[in-house]
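Starting off with a structure, shown below.
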Amino acid sequence: MLRQIWQHLRRDPLGLTGVGLLTFFVLVAIFAPVIAPYDPEAILRLDGEIARLHPPSREFWFGTTNMGRDIFSGVVLGSRIALKVGILAALLVTFVGTNVGLIAGYYGGIVDTLLMRLVDLLYGIPFIPFVIVLVSLLKPSVTNIILAVSALTWRSVARIVRSQVLTLSQRPFVKAARVAGASDLRIIYRHILPNVLPIAMLEMSFVVSWAIVSEASVSFIGFGDPTVPSWGKLLNGAFVAGAVRFAPWWVAFPGLAIVLLVLAVFFITRSLETVINPRLKGGE
Amino acid sequence: MPLLEVDALQVEYRLADGTMQALDRVSFALEEGEAMGVIGESGCGKSTLMKALLRLLPDNGRISEGSVLFRGRDLGRMGDAELARLRWNEMALIPQSSMNALNPVYRVGDQIVEVLTVKGGLGRREAWERAGELYRMVGLEEKRLHDYPHQLSGGMRQRSMIAMALALNPSLVIADEPTTALDVVVQDRILQQLAALQERRKMALLFVTHDIAVVAGLCQRALVMYAGQVVEIGAIRQLFKRPAHPYTMGLLAASPTVRERTPQLIAIPGYPPDLRKPPAGCRFAPRCPFADEHCRRTAPPTSEVEPGHLAACHFPVPVETMRELSARRATWEGGER
Amino acid sequence: MWRFVIRRCGQALVTLLLLSAIVFFMFRLLPADPTAAMVDAALSPEQIAELKAEFGLDKPLAVQYGLYLKNILLKGDFGTSFFYKQPALKILGDKILNTLILSLAAILVAYTVGSILGALMAWYRGSAGEVAGIVVGLVFRAAPEFWVGMVFVMLFAYGLGWLPHSGMREAGYVAESLAAKYLSLDFLRHLILPATVAALHMLSTPMLLLRNAMLEVRREEYVELAHAKGLPLRRIIFRHAARNAMLPVVTSLATAIGRSVGGMVLVEYVFSWPGLGREIVLAATRYDFPVAQAAFLMIAGLIMVMNILADLLYGYLDPRIVYK
């Protein structure tokens, strides 16, 4: 199936753009310390004076903040946390959501009802307010942000996986496995899971973009990890300093980074969707 | 002047792997007030023909050659506005599936009234009154106008479709297998209704069906289609008593209600050809019990077997012999080939 | 149908109850003094003792929760704000309306404009306009609302000077009545930017949904029949095709409402729009827990009400739905 995905991606210009962009960001994140010319927290001087609010120039490609910090370095290093939160949160969410969906869908009955009531409850919780409240109660750290974002997001994966499991449970191969004496766990993880994986993966790529924006939002409001450079934190600085009035570069570049990375994930997700969904709609 | 004149119409569909010729040199004429049947099995092109007449071919279909004249005016050259004026006012459609052809979110009455107000220029109150009249005409209670499509039975829906088609007194009604989805009893009633209405209003009717028996009571003339071509055309009596094409003969022999002197019910074996690569000669030849090499190699000409009765056949065997043999099951099971 | 409404309201209440429990216990997750959730450390020892008694802060958690609920349901007392030194409910009361208006305005714009664009995009498939629409929709979905907000402020408020950069109305405004407060040009001018920013973010969902649904509906027989009737094209697109294709869009409206009221937080913050969202951010920043708790519950409640209304709307639009 991976080959199918690749085949399709090759012919989809948007999908390819997405893959290209994503790869670019990943490389930037990996080589960030090498690429970034300065320490993003360092207060820089030019000709003896603190380099406050310099527009983009040869020394400071994306300009500087009101404290004399290099924005380009901030953006480059910020890619790390964006990708880290995006991927880790997505993995956590997919792991939890898929398992809950598998168990609920397979066992049915009271287990299903309880789990799905829980999911329904979670759907009633507004996302950003919850994340804000949670992060404000805990110490602002990367781990806590990942946890806060994941705490609610798994609800959608669980629902989707569960409905897929319900369809699959009726299929002959599951009944055959039962007759052959396979244990429940074996059926779930060796027979059902592989069939559920594609749609779980699809949902996961939705979660990645969601997590990236959530991290940026939380950091923007000021609840981000203060020790880690982040695009949201940069924009927080810009907002608080009133940069909208006099330093458009401070606002533009970190924001554009977010947009491009999320777009990349969107394009890839759309491509995946055309491969994965029709297959599932039409049955196997 | 005939009401409708179709001249050597060719329609093709653009598919992923090439073009498919759905209609090949289809020609016929329909007079005012005349009821004509269009008979053929699934895939023969009859629906395509109807769509072409109404200029409702899907995006990948087009009329590649030929013309359709309505009262002498070439539909292909008409502007959009004129065509829109013609639609429903002069040419109306009773589609095959009434469940799917009625918009599920509006009441049936609304849909009839819409036609009357938007195209008929009536005011709302008049339109509703007229809709009530139309309903009474097709044997439905007026209060049913306020129902949604899913609340009506199949027969009722089909009658609504008839009422809607007649709303603006069109001169031509195209009925595309309107009774296929209904049970026999309801089918009968609807056909009777249709016949009565057609006669009373003197409107022309093109009745499409795969069941040759159905046209007997309803139409004066009929044409038989196979694989995108017209293989035979003539008056009902001519077709039924003296069929001149093996396919028509096969259809008659296969129809339980039509056979008079044929004691055995037959089925025409085989399938229609793939129209992406139509055969060079007669398209029916692969399934025809009488076909010879000449048939397979050369397309048959259309000849007039008697006044007003045309058939496209080489007649490798005299037509009377064909008629006789086609009544026997052994003929169709490969006995004569 | 009324049975349906009552049942849904009942469900909503149960959910709110559960949510209040979650919020309540969440605030007690504080590593520091668990009483800090209700008691401002800066108060005098007597006041603290008083509050402790009122909220039963020395009793077991379950009892505390019971008291908390009782206070809310019977007295409307959500606690006193540490920051404002006033009852939380008083502070938040009029903010609810502000958030609701902003939220509804954004959804209205997003769903009407998005639907029209989606319908046109489907009908003029393959055109440059369609591609442009998809790209624009996706770009605004990818861009974080707070950033778009900042950019728009840069462009339209400071750059072009057309619209105000923040707030709900000009400072120093004296309102005579509720109507005058909200039905003024000044208010409208302040509403435009935040509502547009929020709407742009949401736009792609109804746009793409309707486009996809329309592409399918176009092939339906009743649309074909509408063509056969010679009805004007605009009528066919909107009254026949779109009306049916809209149904999945309305379903998405329900989820959209949920997302938007909660998501309004960032837009409100950037534009200093005095709503629940902004208040919850400020409260969290100030560690003003009573207000944060109350705002959270109000947001959740608002979402539920709007969800029920959306369900009713769906039932009205699709006559095939039978309410059980």
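Odds and ends about this structure:
The letters A, B and C name the chains in turn, as written, and every chain counts its residues from 1.
The rule we apply is simple: a residue touches a chain if its C-beta (ideal position, glycine included) is under 8 Å from a C-beta of that chain, and two chains touch if they have at least 3 such contacts.
Just so we're clear, the structure is a prediction, and the values are computed from it rather than from any experiment.
The interface carrying the most C-beta pairs in contact is the one between chains A-C.
The chain with its C-alpha centre at the largest distance from the centre of chain C is B. Here the spacing of chain A and chain B, counted between their Cα centres, is 58 Å. Here the spacing of chain A and chain C, counted between their Cα centres, is 23 Å. Those residues of chain C in touch with two or more other chains do not exist in this structure. Residues 54, 56, 83-89, 92-93, 95, 97, 100-106, 114-115, 118-119, 148, 150 of chain B are the ones that touch chain C when the two sit in their complex.
Chain C meets chain B in the complex at residues 220-222, 224-232, 235, 240, 243-244, 317-320. Those residues of chain A lying in contact with chain C across their complex are 120-121, 123-130, 132-134, 136-138, 209, 213, 216-217, 220-223, 235, 238-239, 244-245, 248, 251-252, 254-255, 258-259, 262-263, 266.
Across the complex, chain A is touched by residues 15-16, 18-19, 22-23, 26-27, 29-30, 138-139, 141-144, 146-147, 150-151, 153-154, 157-158, 165, 258-259, 261-263, 265-266, 269-270, 277, 280-281, 284-285, 287, 292, 295-296, 299-300, 303-304 of chain C.
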